[in-house]
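Next come the structures, one after another.
Look at the two complexes coming up: subunit A is in both, with subunit B in one and subunit C in the other.
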Partner chain A sequence: MGNVLSILFCLSLFYVSITSRVKGYVTVLQIQGVLLSLIIVIPFIYPFSIYGIILPATLLLVKVFLIPRYINKIILDLDIRRVIDPTIQQFSFLLLVIATMVVIFVVSNILSQSTELNVIPFASGFSAIVIGIYIIMFRRKLIVHVAGFLILENGIFLFGTAVASELPMMIELGTLLDVFVVVFLMGIAINKISTTLDGFDVTALGRLKD
Partner chain B sequence: MDIEILQGPIAIFVIIGIAPLFAGFINKQKAILTGRIGAPVLQPYYDLLRLFRKETINAKSSSFISQISPLINFIVIIVAAAMLPIGYWKPLISFNGDIILFAYTLGLARFFQILAAMDIGSSFEGMGASREATFALFAEPIFFFTLGSVAFISGLTSIYDIYHSIRLDNISYIVFIIICSISAFILAITECSRMPVDDPNTHLELTMIHEVMILDNSGFDLFLYLYSSYIKLFIYAILEISFFYPFSAKSYLLGIVIFIVGSIILSLTLAIVETITSRFKMKNIPQYLLFATAIGILNLLIYTFTK
Partner chain C sequence: MFEFFIFILLPLITSLFCSVVKNLRIQYSVSLSVSVLHLILALSVFLGYYHTNLPFFFSVDSLSKFFLLILSNVYFWVVLVSFSYLKRPVTHAAEKSKGFYFLLLNFYLAANSAAMLSNHFGMYWVAAEATTLSVAPLIYFYRNEEALEAMWKYLFLVSIGIAFAFIGILFLTLSAKGSILEGKQLFFWEFIRNAKQLNPIWLKASFIFIFVGLSTKIGIAPMHSGDVDATSNAPSPIAALMSGSLRLTALMGVLRIFEIIRPTSSYEFAKTILIIGGLLSLFVAFVFMFKVTNYKRMLAYSSVEHLGLITLGIGIGGLAFVGAMYHAIYNSIMKVILFLTAGNIHSKYKSREVSKVTSVLNRMPKTGWLFLLAFLGISGIPPFGIFFSEIKIFEGMLFSNKPALLVLTMFFLLFIFINMGKIIFFMLYKKNDNDNSEIGNEHFDFIHLTVILLLILLTTISVLSPDVIYQNIINITKDFGMNL
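Coming up: the complex of A and B.
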């Protein structure tokens, strides 16, 4: 079942690499949040333990409700245009994503021969990390960078579940808090940038001179 | 007389006979969804009959290519249709490796259509031919990665065997089938020039792909083109529906039921998609098609690396 959810996670990565709407990114973040919570909750359903439910529930709250709602609020408040500004064509971006995914699946298959790991969640998490970095590299809008960072973080989460079935809960909660704070700070930064520079295009930051 | 021998011919007659009805059914549903009464479900048959009676006029600048192309197109499409299973009926043409023949008979049909479009000498047709060739280039990998990945997993190369080798005992296999049917759906939309890729109803030459290529054909030639496009739509519909035959538990009757119910559901899906989406910009179509290919590649990756 974890494999199936990981495959859906990969599909959401494909979608995020061709969509040209900022809204699409937010939707994908929500879908990924649901998928991750499901992946984490599955081992705890059959002997049922209340301890195991806390983390998925928190994850669901933060990743599906709080963060997307906050990003939506920023989009509304700052009147950000609906389309993302890619620096390369979407078509080439998708090609790059496919090539990366093929390489990652091959590499993780090789790794799985020497160590104990579940190939599909491992490779999906790994791909999400790399694709998150690609999104940060090849998009111009700061809000999309935040989405890229969150996809990267989702990847790390999935990666963690593939390597060790159970991480200590405090660590997991700690990473969640981390993400929330980072998104919060980015929101403040975007607000500041937009009021100071009258826009939020990161290329403008490079042109600043004293 | 042995019923087994008759299955192939009956299947092909069913496909040829029902194909216009399927198109008419989609149009009717589309009309209802947009709040119109719409043309009758049998309208495609009336259109075909009208065109059948009319005289063919060829452009002065056209050569023999324009004359033979509609017929070749029609025959080749029928040959492709003869390779498809209906339920558990064995198709007329079925041998090891017919998946390749299937892809290339459809390729041949497209080749002659493009050639005929350029033969007429109008710049509009040339533009349509160029677009058709470009998008065909991106659509071909979808076919090979979706059907090819099922073939790769089962180790079989005949369309009939491939579809009936699908096992349902594994949950990830079911997901795999669903993912395959998504990319098969995108393939059907592209190849049959349906809504997000091409608008079958527009008559503005600059926006069309498929329709613009047959702009200068008339009478019997247009009849052949139109009929083969109906059959082609039904061929891709069957490609999609066939993914769900394994649910029939190897019963002939249930196979037919799945075929009928599948056609109805698919036509409804097509009608809904065409109602709620608008046509893509031309430059966005390649990435849409690459998305379907990416799904196929993902399938292949998953089944290579999980044993």
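Coming up: the complex of A and C.
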């Protein structure tokens, strides 16, 4: 089941590489949030454990409701144009994403022969990490950079489930809280940048250099 | 439990208190009292007068008590001068930032103490990220365009860096597959004890990701840009706090993974990476010192240089490692002195551009002389501590198996010294036509007193070289399995 959900997660990465709408990114973040919550809730459904539900429920709350709503609010409040301003063509971006994912899946498969790991979630998570970085590199809008950062974070989360790292609940919740506050601060910064520097993209940021 | 309360809970409670009580003077008094308590306890722990029994994911070893003392010391002096600093007139927009200043500062102390005292990689990560969150809004204190850009870049770069460090932590989990550590919690000491069983390939990957990720926060080249922007645009006490303590918090994470990798076959690999990182930082500082036109950026590059030197010392090992630990403490105090005096200059000239700051010795003689002393100190002129720690690092390099690196390092340091000197002497001595009107017209203020006290403290520590510090550093080197 985890593998199916991870593949769906990969499909969401394909969608994010072809969509040119900022809203599309928010939808993908919500879908990924649901998938991640499902992946970590499955082991606790049977036998049912209330304790095990806390983390997926918090994840769902933060990644599906709070953060996407907050980003949507910023998009509406600032009236950010709804297209993403890519720096390379969408088709080239898709090719890059596909090539990257192929390499990651092949390498992960080779690695799995020497180390015991769950290839599909491992490779899906790592793909999301790299694609998150691509999004930051090849898009101009700061709000899309935030979405790229969140996709990277989602990738790390999935990657974490693949290597079966069991961090204590308190620390997992702490990481979620940290991510939420980071996004919250980034939102405030984008708000200020749009009013102070009069722009929503990286070209507005060029004052500091030597 | 008492120490957990003082180190972590009390600053958190004070942070909440500062969000409720809006009077700046009360906020200052309470924050200062907390910082004094923190310093007294950190000192007692360091001197061995107080034995800790921390709960959950926290504990104390030679390294953490050493770094905790550095943090506590820097934090105390920063809080001490904060009220004088906040009294200065600022723009209407920046006036609003004052209300959040002590709130965030206390939160920073709680988060940073948690990071220093954590004995679990997960806990360390959460706390280190929390320090970024507390500092980022403080960078935006002046609420101008440059500060906003600096805050955005710092927040974004460091968050991605920290995310990379998290991937490194996950790789560490992978390296434990098939060993007795599999499925166990990520406690430093358990990993250090059983390091030989870890898979070397994943361990190397883990080291690279943690090192590169945390480099954004340490300010090591080539990931230094966010940190330089932030340090140069933050208010001076915050810049001092970042250069003096926050960078060491990130270095702590690197030191922990380095401690794990030490007994394994990947040790030489990790040392090489650290040496490359250190040398690259020195090179970046060397290049940018030629073209820098902003004196606060110059100080930020000086931080890149000194953290590079510390990393280099750690990578070389042996006596250079001892020097690097001494350098950490001397550099932390020196950076507070430099940024506070630079802050005084900034508040008088209202500019960070070197070309607009002339004749400081005439217009601000007290600040000017202190700035000159600070420059001599940071350049490694005796009797200030940096001289002694650099000598140790150089000696360590000379007697290591890579003596050629010493030539390269000294070459970089020489030109950094010359270029920094050119900028600082221009600021201090270059005369303009209208300078004579304000000769000697500078009151002796609280920041001058603080800087003088810090210079005395630094000189005393460096000249007397207390045995307790030496013993603690020797204990750290023993923990790292080094023979001197």
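One rule holds for everything that comes next: the second predicted complex is superposed on the first by the 204 of 210 C-alpha atoms of A that agree within 3 Å, B and C clash if a C-alpha of one lies under 4 Å from a C-alpha of the other, contacts with A are read in each partner's own complex, and residues count from 1 in each chain.
One rule holds in what follows: a contact is a pair of C-beta atoms (placed from the backbone, for glycine too) under 8 Å apart; a residue touches a chain by one contact, two chains touch by 3 or more.
Predicted, not measured: the structure shown is a model, and the values here were computed from it.
Q: So, on subunit A, is it clash or fit between subunit B and subunit C?
A: They fit: once the shared chain is superposed, the two partners occupy separate space.
Q: First (subunit B), second (subunit C), both or neither: which does A:58 touch?
A: Neither subunit B nor subunit C is touched by A:58.
Q: Figure out whether A:10 sits in contact with subunit B (first) or subunit C (second), or with both, or with neither.
A: first
Q: With both complexes superposed on chain A, which partner does A:98 reach: first (subunit B), second (subunit C), both or neither?
A: It touches subunit B, and subunit C stays clear.
Q: Counting touched residues of subunit A, say whether subunit B or subunit C comes out ahead.
A: C
Q: So, A:27: does it touch subunit B (first), subunit C (second), both, or neither?
A: Neither partner.
Q: State whether A:117 touches subunit B only (first), subunit C only (second), both chains, or neither.
A: So A:117 only meets subunit C here.
Q: So, A:163: does it touch subunit B (first), subunit C (second), both, or neither?
A: Only subunit C; A:163 stays clear of subunit B.
Q: Looking at A:191 after the superposition, I want to know if it touches subunit B, subunit C, both of them or none. Which is it: first, second, both, neither?
A: neither
Q: Quote the smallest CA-to-CA distance from subunit B to subunit C in the superposed model, rounded to whole Å.
A: 19
Q: Kindly list the residues of subunit A that each of subunit B and subunit C touches, one partner per complex.
A: Common interface on subunit A, subunit B vs subunit C: nothing in common.
Q: Which bits of subunit C are touching subunit A when the two form their complex?
A: Residues in contact with subunit A: 56-57, 120, 122-123, 125-126, 129-130, 132-133, 136-137, 140, 144-146, 148-153, 155-156, 159-160, 163, 166-167, 169-171, 173-174, 177-178, 183, 185-186, 199, 201-202, 229, 232-233, 288, 291-294, 297.
Q: Under the definition above, what is the set of subunit B residues touching subunit A in their complex?
A: 171-172, 175, 179, 284, 286-288, 290-291, 293-295, 297-298, 301-302, 304-306
Q: In their shared complex, at which residues does subunit A touch subunit B?
A: 1, 3-4, 7-8, 10-11, 14-15, 18, 89-91, 94-95, 97-98, 101-102, 105, 108-109, 112, 119-120, 123
Q: Would you mind writing out the residues of subunit A in touch with subunit C in their complex?
A: Those in contact with subunit C are residues 114-117, 129, 133, 136, 142, 145, 149, 152-153, 156, 159-160, 163-168, 170-172, 174-175, 178, 181-182, 185-186, 189, 192-193, 196-197, 205, 207-208, 210.
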